[in-house]
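Below are two complexes that have subunit A in common, paired first with subunit B and then with subunit C.
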Partner chain A sequence: MSNKVIEVTNLTKQFKSYKKKPGIKGSIQSFFNREYTTKKAVHDFNLEINKGEIIGLLGPNGAGKTTLMKMFTGIIVPSAGELTINGHRPWERKKDFKKKIALVMGQKSQLWWDIPAMDSFLLLQKFYELSDQEFKTRLDYMAELLGVVDLLHVHVRKLSLGERMKMELMASLLHNPDVIFLDEPTIGLDLVAQENIREFVLDFHKKNGTTIIITSHYMADVQALCKRLVLIFDGTKAYDGPLEKFEKILGNEKTVSFSFSEEIGGCDFIDKYDAKWNECRNHVDIRVPEEELREVSKKILDLYPVIEFNTEKMPIERVMKTLMTNPEVLRQQRENLSS
Partner chain B sequence: MKTYLLKWWQTIRISWSKYTAYRLNFFLQVVGPFLVFFFIKYNLWSSIYGEDTGQLIRGYNFDEMMQYHVWTLVISLLGQGYAAMNLSEDIRLGRISSYLIYPFEFWEFHTAGFLSFQILQIFVSSVTLGLAIFFGFLDLPSTMTLLHGFSFTFFMGFFWFTMQYFTGLLAFWLEETWIMRVLLSIVVSFLSGYIFPLELYPEWLVSGLKFTPFPYMSYFPAKIFMGVETNFMMGYAVLAFWMAVFAFVNHLIWKKGMRLYTAAGM
Partner chain C sequence: MIKSFKHYLGVYRYFVSTSLSEALSFRTSFVLLILMDIFFYFSVLFSVDFLFDHTLMIGPWSKYQLLFFIAFMLNIDTIHMGVFSSNFWMLGFKIRTGELDFDLLKPTHSIFVAFFRYLKPSSMVTAPVAWGILVYYGNKIGLYWYDWLMIPPLLLMGLALLCVLEFILSTSMFWLVEGMGVNFLRMQMQQMARWPDFIYKYTYQKIFTIAVPLLLIGSGPVHFIFDKSKWPYLLGMVVALIISSLILIKIWDKALRQYDSASS
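Coming up: the complex of A and B.
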């Protein structure tokens, strides 16, 4: 049997919308005579995902991530192309398919607002036809791990955003899906809650070998969870490969920063590495080729009164920022590689 | 089969706890209709009849007029709920995304919600009926009459639900459907005999309405409860016909709407 869980070929989705000029006149005009525009949200998208992978789906707002997620989960129907998930075509919305997937949306609640989360869970137990035993084991495990045992019987509207998100996760994972789609699961959460969610997802993955697709604007999520990244720009795939390779997409230089106990005057040695000094010249960021890192750092430590130094924690953040402000870089990179 | 029925049962239960989540709200919902009835309809008609409560207005003396209106109130409580209101909200706010993922369909969820609402309304309408009897507006009819009346009203409730479902589904195109629903409910109130008994309307209008669902939504069942109407078949047949029409149209609209749906706001 094939190990592929998700297979996408030339997937395309177009949206038709109409333009409306401002004001009452515009409203009337657009009522009688609508000018339609077609927007390609996703265009000729190809992807293969193996069982048990965790994939980070990244891209700026409006790049087509959510549209992809909606097609993956069968919420919307693709305009063209092929898409199978676990052998199913999502948009046929077969019950067998629905029982195997889960979608968690950070921006949208699936729980019922006016009742405790436990009531929603019990409903989902029936929806997914889980035995009492399965239900209890999984619920206990997740509630314990997320630290929300005491909150199960509190009305959802009284929970904090972080607590609610944990409940949302539990609700989506009760039926032990084969494929999980996490659409910005940590959006708006504080750092501790973000970390809790990440640890939980990792633990769940380790225990069940689930395939996970995650979108997020927080690079910490990606760093902690994903080995493989898929980058989407303007509806097309811009990068697909391992995280480490992505980090080095702009070259294999490392960013290192040094703080000094006193002002450092002109210094050719440091300036040579694309140095960015602060106003008082007691802090500098430099970019050093990976192979020179040890040597250069040692020299600076020896020669100057360094009080603190660190290497960049999340190079991926810088790469993303550069690519988002200047997507051209990526095209050039690819051309360089292919030539 | 059993697991499928369990899905329905649990949905009915959860809708029930949603409806009763707010105690004060629920209390007002139970006693509110009777209070509104008392202040509006009772006062209106007692000032119309004035001192002479024995005079006949289109065949109704004051007591009969009050009986008629108590029954139309009970009928509207029991058969004209607002369970389908959440439906258009769900569409408009993109919440159907969640239902599309669950292995339980959107219509199943909302129909279960409707059933749950009906069960709740049995209680609400009994309170209203009890209050009306307590204050001497009417005597309890025979068990047989009650049985006929309630069965017909329940049947009408299903029709009302399919029609409400229709207006709810229009949210795929209209984005705001409340104005549609308000218009519909005003039209229904007038044409069904909820506001005035149909005897007060011109002959041509009443006979024209016979094949529409309207008179069977208030006037007809009220007459059953009052023991006047005994030919139920006509009512069942007309409502069944319209129910089938709306169910079919709903099915088509849903299919077309789904193609259009882009899960806005998800």
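Coming up: the complex of A and C.
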């Protein structure tokens, strides 16, 4: 039996929109005469995801990530291509399919604003036909893990953003789905709340072996949760592979930072590693080939009054930043990667 | 089938309880809505009563026959306001903002979530007033016991036809995105059905009885209650209900294919 949960072949989605010129004249003109344009939000997208994987779906704003998520969940219908999730075509919106998936959107809420979250959970219990025992066990487990036991009976409008997002997660996962789509689940949250959400997702995955697809602009989310990344750019797939390989997409250099107790004058040895000094010249970031890391670090520590040094914690952040600000690099890398 | 019915009923029970919970958290608004409904009932009845100060008959009906018709329509309105009306406004909002996304994920039919989710409990409170008015005018025109028995199913048939026609019209919001215009048009449709069919000229009467069967909603059942030889009205309602439901299912499916969900 196939282990594949998601199979996507040449998936395409087009949207039609029109542009309106500003002002009253533009409004009147567009009332009578609209120039429509068709944009391909996702184009010939292919993907296979195995059961139990956690995939990071990355890309700049407007790249097509959310459009993909909406096609995966059956909210919107693809313009072309094939897509199966757990053997179902999502846009047929079969009951069995809907009971096996969940979508969490960081910027949209499914909870009722003017009633406590518990009332919404009880409604979801009926929607998903959960027994009282199942409902209670799962609710208790999630509420405890997320630290929101005391907030279940508070009106949703009175909760903070972080608390609300925890409730959203609970609402989406109560029915114990096989596949979870998380669309920017940590957006706008403080660092502690972000970490809580990540820990919860990991624990839920460990406990249930769920397949998870996550989009996020916070690389800490990706680093903590995903082993495999899919990069989407202008609606097409630009990368699909392990996180470690993605981190080395621009080369196998490591970025190392050194802080010194005093100003460092001209220094050819450091400067040859693409050094970026601060204004006071008492802090520098250099890029060192991985194989020279030990030797170069040791030499700098020996020769200069180093008070602090560290290697880059999230090389993925640098890679993403480079790719997003310089799409040319991406095109070259895409050619290299496909070969 | 029974399992499915129980599932929907279980969900609906919580639609009622969550709507009630929401409505009761805004006490003044809840009371004002009740007062508004009662004011609406009596303003309609007083208008008709005033007309009969100047004439004995309107069309073939006497004062109390017409007031019975008005009371019949008020009862349809009351259930409609309590159970459905909020959903039409919410649908436009949800399509525009993309909040419909979550409704489409729920493991029930999307029409059920779209048109049954929000209730207006204040109208449930005023329902007994509307029943009282119907009973009062029913007694005035001397209904027989079997007429009384027929009233509940005929009310439900009229309500069902009104709702299906409104569902069809509301589906156009998926193409238009903005729901305000559609909702005002829908309210004009209701306004049209609130008067008996004979006040409209021949061509309008035919159009709004056959092509868009709005005039069957109240006129059909009441004509039949007054005169049993007018059973073709009921047959017309059944046919209209079946055809409209089939159109709704087709057009709803097309609308969901059209839905492009607002960006997040």
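Everything that follows uses one rule, which is that the second predicted complex is superposed on the first by the 334 of 339 C-alpha atoms of A that agree within 3 Å, B and C clash if a C-alpha of one lies under 4 Å from a C-alpha of the other, contacts with A are read in each partner's own complex, and residues count from 1 in each chain.
Please note the rule applied: contacts are C-beta pairs under 8 Å (C-beta built on N, C-alpha and C of every residue); 3 or more make two chains touch, one makes a residue touch a chain.
Worth saying up front: this structure is predicted, and the values here are computed from it rather than measured.
Once subunit A from each complex is brought into register, does subunit C clash with subunit B or fit beside it?
With subunit A aligned, subunit B runs into subunit C, so clash.
Between subunit B (first) and subunit C (second), which does A:145 come into contact with in this model arrangement: first, second, both, or neither?
neither
Looking at the overlay, what does A:70 touch: subunit B (first), subunit C (second), both, or neither?
A:70: touches subunit B and subunit C.
One more residue to check, A:154. First (subunit B), second (subunit C), both or neither?
In the superposed model, A:154 contacts neither subunit B nor subunit C.
For A:324, is the partner it touches subunit B (first), subunit C (second), both, or none of the two (neither)?
It touches nothing on subunit B or subunit C.
For A:95, select first, second, both or neither according to whether it touches subunit B, subunit C, the two together, or no partner.
Both: A:95 reaches subunit B and subunit C.
Of the candidate stretches 41-49, 131-139 or 203-211, which in subunit B collides with subunit C after aligning the structures?
203-211
From the superposed pair, tell me which subunit A residues show up as contacts to subunit B and also as contacts to subunit C.
Shared contact residues on subunit A: 15, 66, 70, 73-77, 93, 95, 98-99, 101-103, 105, 107-108, 110, 112, 114-115, 119-120, 122-123, 126-129, 155.
Given the complex with subunit A, which residues does subunit B contribute to the contact?
Result: residues 3, 6-7, 9-11, 14, 17-18, 21-22, 94-95, 97-98, 100-104, 259, 261-263, 265-266 of subunit B touch subunit A.
Spell out the residues on subunit A that touch subunit C in their complex, using ranges where they run on.
Result: residues 15, 66, 70, 73-77, 91, 93, 95, 98-99, 101-103, 105-108, 110, 112, 114-115, 119-120, 122-123, 126-129, 155, 183-184 of subunit A touch subunit C.
Taking the touch rule as given, give the residues of subunit C at its contact with subunit A in the complex, in rising order.
7, 10-11, 13-15, 17-18, 21-22, 25-26, 98-99, 101-102, 104-108, 110, 256-257, 259-261, 263-264
Give every residue of subunit A touching subunit B within the complex, in rising order.
15, 66, 70, 73-77, 93, 95, 98-99, 101-103, 105, 107-108, 110, 112, 114-115, 119-120, 122-129, 155
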